Amino acid sequence: MPLRRAGAFLMARRLRYAMVGGGTGSFIGPVHRIAARIDDRWELVAGAFSSNPARSAEVSTECHIAAERAYPDWQSMIAAEAARPAAERIDAVAIVTPNHLHAAPAIAALDAGFHVICDKPLAASFEEGRRIAEAVSRSGRLFVLTHVYTGYPMVREMRRLVQSGALGTIRIVRAEYAQDWLTRPLEREVHKQAEWRSDPQRSGPAGALGDIGTHAFHLASFVTDLQAEALCADLSSFGAGRQLDDNAHILLRYPNGVKGTLWASQVAPGRGNRLWLGVYGSEGGVEWSQEEPNTLRFTRIGEAPQRIERGSPACTAGNYVTRAPRGHPEGWLEAFAQIYSDAADLITGSTEDRGASLAPQIEAGLDGMAFISGALRSNARNAWLSRDEWTDNQ
Amino acid sequence: MPLRRAGAFLMARRLRYAMVGGGTGSFIGPVHRIAARIDDRWELVAGAFSSNPARSAEVSTECHIAAERAYPDWQSMIAAEAARPAAERIDAVAIVTPNHLHAAPAIAALDAGFHVICDKPLAASFEEGRRIAEAVSRSGRLFVLTHVYTGYPMVREMRRLVQSGALGTIRIVRAEYAQDWLTRPLEREVHKQAEWRSDPQRSGPAGALGDIGTHAFHLASFVTDLQAEALCADLSSFGAGRQLDDNAHILLRYPNGVKGTLWASQVAPGRGNRLWLGVYGSEGGVEWSQEEPNTLRFTRIGEAPQRIERGSPACTAGNYVTRAPRGHPEGWLEAFAQIYSDAADLITGSTEDRGASLAPQIEAGLDGMAFISGALRSNARNAWLSRDEWTDNQ
Amino acid sequence: MPLRRAGAFLMARRLRYAMVGGGTGSFIGPVHRIAARIDDRWELVAGAFSSNPARSAEVSTECHIAAERAYPDWQSMIAAEAARPAAERIDAVAIVTPNHLHAAPAIAALDAGFHVICDKPLAASFEEGRRIAEAVSRSGRLFVLTHVYTGYPMVREMRRLVQSGALGTIRIVRAEYAQDWLTRPLEREVHKQAEWRSDPQRSGPAGALGDIGTHAFHLASFVTDLQAEALCADLSSFGAGRQLDDNAHILLRYPNGVKGTLWASQVAPGRGNRLWLGVYGSEGGVEWSQEEPNTLRFTRIGEAPQRIERGSPACTAGNYVTRAPRGHPEGWLEAFAQIYSDAADLITGSTEDRGASLAPQIEAGLDGMAFISGALRSNARNAWLSRDEWTDNQ
Amino acid sequence: MPLRRAGAFLMARRLRYAMVGGGTGSFIGPVHRIAARIDDRWELVAGAFSSNPARSAEVSTECHIAAERAYPDWQSMIAAEAARPAAERIDAVAIVTPNHLHAAPAIAALDAGFHVICDKPLAASFEEGRRIAEAVSRSGRLFVLTHVYTGYPMVREMRRLVQSGALGTIRIVRAEYAQDWLTRPLEREVHKQAEWRSDPQRSGPAGALGDIGTHAFHLASFVTDLQAEALCADLSSFGAGRQLDDNAHILLRYPNGVKGTLWASQVAPGRGNRLWLGVYGSEGGVEWSQEEPNTLRFTRIGEAPQRIERGSPACTAGNYVTRAPRGHPEGWLEAFAQIYSDAADLITGSTEDRGASLAPQIEAGLDGMAFISGALRSNARNAWLSRDEWTDNQ
């Protein structure tokens, strides 16, 4: 029953963080807070949860935050926290607002010397993303993007398998992310999530592409260490009156002749949240599905397919980032927790350096923005586009 | 326990057929013979099984065929059978040779007044296919192509569901056919199947595309009644020294904005023979996999996914083409048998006319050849192609 | 793609058989006829299909049986066939009547020198079974019982695995056979199958126990070569007004401390026909389910569970009794066909002797009758019973 | 995306608890601590983690516990905490020691006025259990037993379904809990978990029966509200030299003719931790497996089986105790967290009273001890035992 080594958690103190967004009615805010608690390395001490003071206060009370650290807006929060003595000042800011509200608080926080943990996609445009990247660079602060699926133990195990050469030379990479919650035009009803995610003003120019396509795109890169170099995208907006894409079919080409595909859909009835990745090489294949996240299906060519279980002796890398033994399922919140723990590791220096960490950082965010931009252009031109054509200025 | 109605089988006599190809060592020949026996509507009475007389004799003995009807070649067989009195003459010829040997015997058999049941793909080129189509047209004989997967009860049920409107307006059609048997370059070893299927002289210009891609392409059309009108293909030949494609990633566009994808691979380690189809619409989605062929996964949006079982009250169309009750699995041979029974129905006139039959006929064969041609061209041009660009002369 | 060796089928002629029972409306009669056809080693040439002449004639016509060999009853059939010249006389009689009508025709056929293929359970009582066994013994004829599930390739593979020692010392054997078709009291409606199977006059004193419990009991023995030596049964009749058991919970003890359980139910909503077997030993475990009959789940302790696929290199014994390659599902009818092929092998002497054959023979039938008798007594006494207490006179 | 209502969490403060046991190397201690953190309603402020001071200190540091509240033993801890002012005194004690060390600290804590959250099984003997029950009774304090599996949303949904009558009259209850970690005699190697769990001095007289059998037994009662009234147990100790049972086959009888079975095994290779429950009634059946904990398989007789997903509209009761939306898997730690939240609800009075709560309390613990005692006796006597024979003095 291999458990996460307790020693990894020995820290002089819990790290302190503040949250921007995540007020009552938010989907992802409470999730970040649970994730931050699971491994007990973070303490939520401040927040600017909502532009609505009542909603903000509700969260503050629920989270037992001192009244004076429940701020009316992120600007005053960053200013006030920066002014506190080091012993109580926050270490990091978690940003869980809609996409168009990532860049401003992220840049301000970085420039004030705080680390940032930010929800995905990075921003509402490639240009915004680039400005965040510049702030990361000039501040030297850590920027972690919650591409949470990379926190799953079996995704890390899949990465290890692929990169260990167990599959031989990689040939094919297939990523799918299928949901069905926008099958009907929910955004026309009162549905906070559907509303902002389908509004170009708040979500940016991409719908499914940005919301879940970037997850799938990142996952494929994370596992294979390959960067796509060309794509051909076919986007649709099936929902009546919908302005943003809700279905994306994309062909991908990676270096050395590796071929990929990506499907992102919010209109696939029957699939609640099926993120799936298959990687096939000259000697074997491996598949992972979020619908059964605690196992991999791994096949060496000519041998019987194996079901590799989290926590089992057949699993190695995955067992360093797990909390429950084999057969005791972990889920999405634990994957999310891993990203917070990775961030804590990076901040407290318990991994060698940021480059060695598996936490998704600013590069992953920019890569996702380039992917969005490239897919939108490819779709508009009805043609394959090489990576240098994805953005104006990459 | 709804079984196929026995009455459907009341025929004055079994139909008589001869086989071209299918000698010792053949994969598909024995399969056709089992399929023809299962519903007891066909009798194998003659054959030109192999250019090798010893191999041909072996099959004749095994099948208890009268010595004088074991022919040295198909030319003499067609001539001799045509000369027999009607009471013992064959009704049909089954062609199970490699692709490049379909057209000649098919055309000769049709012109001699025999029906033809032919393995897929139709031929080694679109042009050959067109000549077969002309022979079908001038002879008025039946031509059935063994796109056997359409014989699965649950595929027919899927078709009924989709066409009944249970999914609302169709939006997305995803077809996959993944195998792994060519992951290593088997064709360089002594492997009869790998050898001819990877040889352009015998297989035609397409590899996975023709061998299994056409199955997936046809299946998508069969279930949805939609004809693709554009495609963008990305083909690869991963096997060392392989001349034909062994992996195909294809984007498809159907009328009215319906979007599709198709994956055909013979190099996907872990997947022996996974044919899969998913169809998603404005009100529901349905998925079928040959790995679990006796059920459908059907979801009405907002309701719990259902597992519709062959033979159950929840299944309707599928229960007319089944032999075993719910919970008693049927498989590939029974699906194959269905195609032979469909052919018998058509010949004996027990369905209204050929147009109403679900058996894959010459049109399906030509459509497959157009698909092959279009995918090869799209890949060569690295671009989307509309259907009128798929062949020179369609 | 390992297929059944064609050479195994080289016979001078097809064997001839007659059927007793199996008229219009019969469930199992048509299934036997398909099974007999699949491997092309049997020819149906005579029958006494029904006491109703019209129904019997219907089947005769459907099966293209010569009018003079469609008999009004089995007595006249056996007499007339015995009187035919050897060159056209039947080799065997297939008995597919309700349980209480097995013994008389079976004994008469054996005594007339015919082999017998009989549906299960053997008879309506242990005493009847013993009289059949005596007839087998004095006639020297073959008696094959269609415990069809033992014909599945992966069940044979499971047997090989277990008996090869791959599991170490066997410790636990768990068998389940769950159906739901008698959840409601169907026998009160017009339902031919439900009617006779729930009528003690025709079915014998056991319900689910005899109809499906004997399958599960035999399967466990077949795979492990173990004979239960004690049992403790808890039977129920949940259906309103039902006289026979429809649910059986049974504890079993095998030699050397091996422990077993058996569940047979016809009242388990959601399970159409789930036969399942799990065997666990000191070094590994293996599980098979008829819901996914083409694979085994095999685990060596400390290693990742494997999915062994029929037709794959990882499968050995199973590949000798299969017709379709890996990934092309076989089902229940093929398993059934295997029993008919086993019988043909035995009759034509292509296996060394009856003892070496895996076909279920008279001993399996008697063992099943002892099991039924023992379970009924154990239930009545509310106590464990050792095997010598199962019947009066075993 | 229905999430747990945040309002349920509005508490004036987090509850404070201390832990007994759970030092470095403990399996279940860290799990309790994670579970207590997830919903943010508990704060670990004190502990007597280990009789080994170094191990105890390690945990204290890791958990950021004030040095003066890291106690050398539970006796001093209870005394010291009871002496603290109310504003900082602990509310509850969590006991995570081996079974034989539950009773003493539990009774002391209760008598000192603290609530108790205790790992299962309740104690090392029925007699010990009864003494705890008396302490609960005289103290009026809450006693929650971590039968954690009842905290799974879909188990609660299953309970609702069953109790709503959706299955009609309950007929059959089948519970299984299969592990494989003791297949080899691990307790002879250095393996802390295997060691104490297989030692009668520390575990009590039951092995698998107590460790996991009580979970399965409780789960069946939890979901159906039925209390077994008779059992017949067949226990084995397969591991070489093992003193306690590692495999239990048990027949159960519930009131009104409902029949059950229970399998608990630690020697079932291939099954890491498969807890499974199936309940079948006159109108439907429902099954749940911890291997796929986010769904139920529910079938109304005559309809297609449904896959009811946590977080979906088809799920009701389950959606009140969940944190992540449909398709975002929750696991074992969240189920565990639910028990801690239930305890917090009970303590802060946010549910009507203890009787209405679904949290497993002292009665469940006693029932489990009776089950253990009854199964051991039934096995020893080789006979069915009614509940009044399970213990000397119940």
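Letters are used for the chains, namely A, B, C and D, taken in the order the chains are written, and counting of residues starts over at 1 for each.
In this section, contacts are C-beta pairs under 8 Å (C-beta built on N, C-alpha and C of every residue); 3 or more make two chains touch, one makes a residue touch a chain.
As the structure is a computational prediction, the values presented were derived from the model and not from experiment.
Asker: Call it same or different for chain B and chain C: same when shared residue numbers make up over half of all numbers used at their interface.
Answerer: Over half of the interface numbering overlaps between copies: same.
Asker: Most remote chain relative to chain B, going by C-alpha centroids?
Answerer: Greatest centre separation from chain B goes to chain D.
Asker: Comparing the two chain pairs, does A-C have more C-beta contacts than A-B, or is it the other way round?
Answerer: If we tally the contacting C-beta pairs, A-B comes out ahead.
Asker: What is the distance in Å between the mean C-alpha positions of chain A and chain B?
Answerer: Measuring from centre to centre gives 43 Å for this pair.
Asker: State, to the nearest whole Å, the distance from the C-alpha centre of chain B to the C-alpha centre of chain C.
Answerer: One centre to the other, that is 34 Å.
Asker: Report the inter-chain centroid distance for chain A and chain C in whole angstrom, where each centroid is the mean of the CA atoms.
Answerer: Distance between chain centres: 55 Å.
Asker: Which residues belonging to chain C are in contact with no fewer than two other chains?
Answerer: Each of 271, 298, 305, 309, 312 in chain C touches at least two other chains.
Asker: Tell me, which parts of chain C touch chain D in their complex?
Answerer: Within the complex, chain C touches chain D at residues 167, 171-172, 174, 180, 183-184, 232, 234, 236, 238, 247, 249, 251, 253, 257, 259-261, 263, 265, 267-271, 278, 280-287, 297-301, 305, 382-384.
Asker: Would you mind writing out the residues of chain C in touch with chain A in their complex?
Answerer: By the definition above, chain C touches chain A via 298, 302-309, 312-314.
Asker: Along chain B, where are the residues that touch chain C in the complex?
Answerer: 1, 3, 6, 9-10, 13-14, 24, 27, 30-31, 33-34, 37-40, 58-59, 61-64, 179, 181, 193, 271-274, 290-294, 309, 311-312, 323-334
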